[in-house]
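You will see two complexes here that share subunit A, one where it goes with subunit B and one where it goes with subunit C.
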Partner chain A sequence: MVNIEDLKSEARRVLKGGKVKYIIGYERASETWKANPVFLKNPEDADKLVWDPTCFHNLVRFVVDEKRRKAKEKQPDTRPVGIVAKGCDSRAIIVLLQEKFIERMDVYIIGVSCESTGVIDERKLAKKTAGKTVQKVEFGEKQNYIVTTEDGTMDIPAAEIMADRCLECIANIPVVSDHLLGDKTKRAVARPFQSVEKLESLSQEDKWKFWTDQMKKCIRCYACRSACPMCYCDECVVDTINFAVTADTTAEEKAQRIKWLEKSPIDSENIFYHLVRAIHLAGRCIDCGECERACPVNIPLRMLNKKMEKEAKELFGYDVGFDADQPALISCFRDGDPEDFIR
Partner chain B sequence: MEIPKILSGEMMDKILAKKDFPEWLKKLEAYRVYAPRKQDDVWNYEPVSGPGNVQLADVMTAVPAKKIVFPQREYFFEFRETDDNGTKLTELLPEDNPVVVFGVRPCEGKAVTLTDKVFSGEFEDPYYWKRRNATTLVGLACGTPPSPNCFCTSVNGSPHSKEGLDLLLTDLGETFYAEALTKKGEKLILEGQKLFKDPKPEDKKKAEKIQVEAEKKIRRKLNRIENVPLKLKGMFDSPFWDDESMSCIRCGICTYLCPTCHCFDMNDEVETTTPLQGKRVRTWDTCQFPDFTMHSSGHNPRPEKSSRLRQRINHKFQYFVEIWQNYQCTGCGRCISLCPVGIDIIKVVEKVRDYGS
Partner chain C sequence: MTEEFEPRIIAFLCKWCSSAGSDLAGVSRMEYPPNVTPIQVMCSGSVSPLYIFSAFSRGADGVLVSGCHPGDCHYIKGNFYARRKLAMVKKLLEHVGLDPERFQMSWVSAAEGQKYTQIIKDFVNELKPLGPQMKLRRNP
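This part shows the complex of A and B:
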């Protein structure tokens, strides 16, 4: 199991040596039982770090922020940022490397193994605790979680409250890291696309009904996009911010700027938004499941992306986020690819 | 806040047996009835499908009741190019069919009194008021805090606040203690008059006891914030906002799900180009999005996430206080519970309070 002291001492060491600009990790603030992202600048802050089954966030999201921040600085600090990365998070780093969005030297990766479990699903836990206030969730020794509530502790088998994404995870240990903590035994997953298979078995009409019902719930808060480390477009289709306006731009030109979709949360626009996102993530989504976790109305967004991942796997034998030297799926053509129109 | 007088000129306190609740709903045929409903593990105010399908409980919906008086999308008018090269405009005011919302949290009732201020004043917003006047808000006093992040008592509210509500129900176990607070609330009781009994003195005592106990169950507090508005004024350019916003991912959850946030955008949605025809539409907007307050010049006064977090906090704890003498926060805790990265408005405001001292 990851020894938290090892994590802290590695963080302390790299911060002390000035090797990194800062470290992106997890802390637990008072008043909450869940981990939050934390940005550590000083060696003495390393004690704030935690590693527990509530470290849901894909912190690679903040590496994207860092690149933007650096681009605006006149004399940027070019040291890498340290990042605590789970297996899925490390796969996101691989995709960013493949796409040349970041360089390997931009990040110092402190990998943490999820070993035989993963992070929990808050909603599944809420059903188990039935209204009791949770104080702490810890990894157990044998594929279980120890949940401390106001009424004492509960020992819950991992499979019962683990996030769906972790149940289907194919990278329980980080794929790339500079310092790796925890057990390095790879876990085999028998059916990595189990959840998609259920949906695939529905008729076309039922699928359409399922998704239109789900999309009706969307309030277009864009938490799914905002939580995603792959959604790094300079200008997202949903908000026009880069339309170049000069003194000569006419009112008509302004009025006729391309508007891909309306702000209205109606079926057509909601579906369009989510399909654009799903297509843009095909062959890029590493199934960290953050879109689905962040969604305040619980739309099973992971299913859209998982389906794309399955297509990439079945059509092109492509596993996302394992090899930084491999060309990205959507930017390469190989002789064995099924479609030959491109030849 | 002055509570409008009720029809009979005296407070109408009644008792309703829970088993008679569906009967009461049946009498409300003239109304479109909303109540909290759970779908996919998430509570939301939804139209009620049948009188037996309402279970009032201490739950916090994801989207607040504001969506009923201030929907995420509404029409202003329709435009249509005419044969003589002119444009015909047709105002599209909402219908004023009566609506009743059950299970409204007292913090949401109070929140509506704040949006009332914004949509009145210098300009009265007919779209908002048409819906608002047609809506009867039936509050449910909180027996236990519906969220672990409830802090209404720290921002001049309470789990049994009557502000903004037309009727307040308190759950006494087998019965509801019903207090009509406005004419609209009284009318609702009169619709099911025979089902309501006069309360015994011990019923009132019991309701009051439950209400007092409820206050004690609120875990979270935001104390000593009297100087925060002034403090914020001096912190506009502080590096504090950079540090606090580091983990913000710039989604719209905190604002869209806030019962008091009311910023909106207006767009023309074109349906056909020949003839040019479409609608002007109002939708929610949020200070957290990159195109919020984007000028047509391309300049944005709030270009960074730090300035957007600052806008949210300043609006709630400085600007609104300056303009309307109220915090623009009623302590529902949604922005805390639902933030994907755990940004906690209580902590942020406490840090502002203690900043530099």
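This part shows the complex of A and C:
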């Protein structure tokens, strides 16, 4: 069990020493049961930190934002940023390191172990509590959660309300960290791709029907893109203005720029966008499930990314987000890569 | 009388091998179906997945990416990258329900005009029973 006092004292220690610029962690937002991301600048704020099953956000996104902010500053503060990272978050950091987007000394990682459980899924919990107001969710002793509602406490087995990604998690302890809290026993998952397998067993027509039904819902709010720690491209294919317009750019040049897909939420364009996003995240997505959680219309986006992760594993033996020195999936090759599909 | 469906294939051919191979097929007067629209690219490794999605979105019934044989790439390793990248694209397209036959890859060298015509013939024959590709096609 992660001792919350240890977490607080570690945060206090690094903030006091001026070792980090600030710490990104989780706090209990006023009057809600959920954790919220918080930026701590002063040692005395460390008491705000919490660690419970509602800490589902992937805070690495803020590290990406920090890099952007730093690039704009004239005299940037080069101290590292402290971050409270779960297993999945630490894998996101590994991928960013692998791509040389950030340096190792840019982050001070306080790793927290999810141990034998993980974080909860809000939607599943809402179903379970059947409309009762939740006040608190805590880790139980053995693979369960203690949920406090207005009517008293409920003891719910973890598997029932745990987020889908946590059921298939292969990194319950952070892969990289400067200070690791909690139990360090690795949890074995029997079938890390079970959710995709169900979809794979469908026929091509059923798959297509499933995806068109889902993509119809997409309103192209790009919440998936905004929440994703890996979606850090300066120019995204969906943005209409993705080339530099200067005073010298002629009308003809503007007219002839390549417009790959329309911005309007039409079915065909929605699936195009999600395909592009999936292929761009192939071998990079670490399955933190933020896209799916952020999606206001509940599109199972994880199913696309998880499939890519599965293929990377099966075709190329590539594990995403475990080794920062390994080259990225599609920037390397082996002589023996499968080519049975090539004539 | 109903007209037989003629599939439309977009072929991304690498400049150094496959494109020369298709040229050879042409100058040797080998016959092959006229359903293919070749697009010359500098290397199969330069084919972005976006090109493939875009071709399907604009109404292609099939997409072919063809490059040099492994080890023969003009840019030493471009086709090795292509092989990895496009394997993922193929899996992704299958995953969303597109017929797997619609996206093909081949290695055609500059001397293999015969092989090129055979690939196109086979491809067209495979696409004919599938009918027009309407799944990824842009809605009007």
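Note that the second predicted complex is superposed on the first by the 334 of 343 C-alpha atoms of A that agree within 3 Å, B and C clash if a C-alpha of one lies under 4 Å from a C-alpha of the other, contacts with A are read in each partner's own complex, and residues count from 1 in each chain.
We adopt the following convention: a contact is a pair of C-beta atoms (placed from the backbone, for glycine too) under 8 Å apart; a residue touches a chain by one contact, two chains touch by 3 or more.
Remember, it's a predicted structure, so these values are computed and weren't measured experimentally.
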Counting only touches as set out at the top, which of subunit B and subunit C does A:M1 meet: first, second, both, neither?
neither
Touch test for A:I266: subunit B only (first), subunit C only (second), both, or neither?
both
Touching A:R123, do we find subunit B (first), subunit C (second), both, or neither?
first
Based on the superposed arrangement, let me know which partner A:I330 touches: subunit B (first), subunit C (second), both, or neither?
second
What is the contact status of A:C233 with respect to subunit B (first) and subunit C (second): first, second, both, or neither?
neither
Tell me which partner A:Q204 touches in the superposition: subunit B (first), subunit C (second), both or neither.
second
Classify the contacts of A:A159 with the two partner chains as first (subunit B alone), second (subunit C alone), both, or neither.
neither
Answer with first, second, both or neither: which of subunit B and subunit C does A:M308 touch in the superposed model?
second
Which residues of subunit A are in contact with subunit B in one complex and with subunit C in the other?
262, 266
Complex contacts: residues of subunit B adjacent to subunit A
39-42, 44, 62-63, 72-73, 148, 220, 246-247, 249-253, 256-257, 265, 267, 269, 281, 283, 285-286, 289-291, 294, 296-298, 300, 338, 340-342, 344, 346-347
Mind pulling up the subunit A residues that touch subunit B in the complex?
29, 31-32, 34-39, 57, 61-62, 123, 126, 133, 217, 219-223, 225-227, 239-241, 243-245, 254, 262-266, 290, 293-294, 296-298
Okay, in this complex, where on subunit A does subunit C touch?
199-200, 204-212, 237, 260-262, 266-269, 271-272, 275-276, 278-279, 282-283, 304, 307-308, 311-312, 315-316, 329-333, 335, 337-339, 341-343
Flag every residue of subunit C that touches subunit A in the complex, lowest number first.
49-50, 53-54, 57, 70, 77, 80-81, 83-85, 87-100, 104-107, 119, 122, 135-139
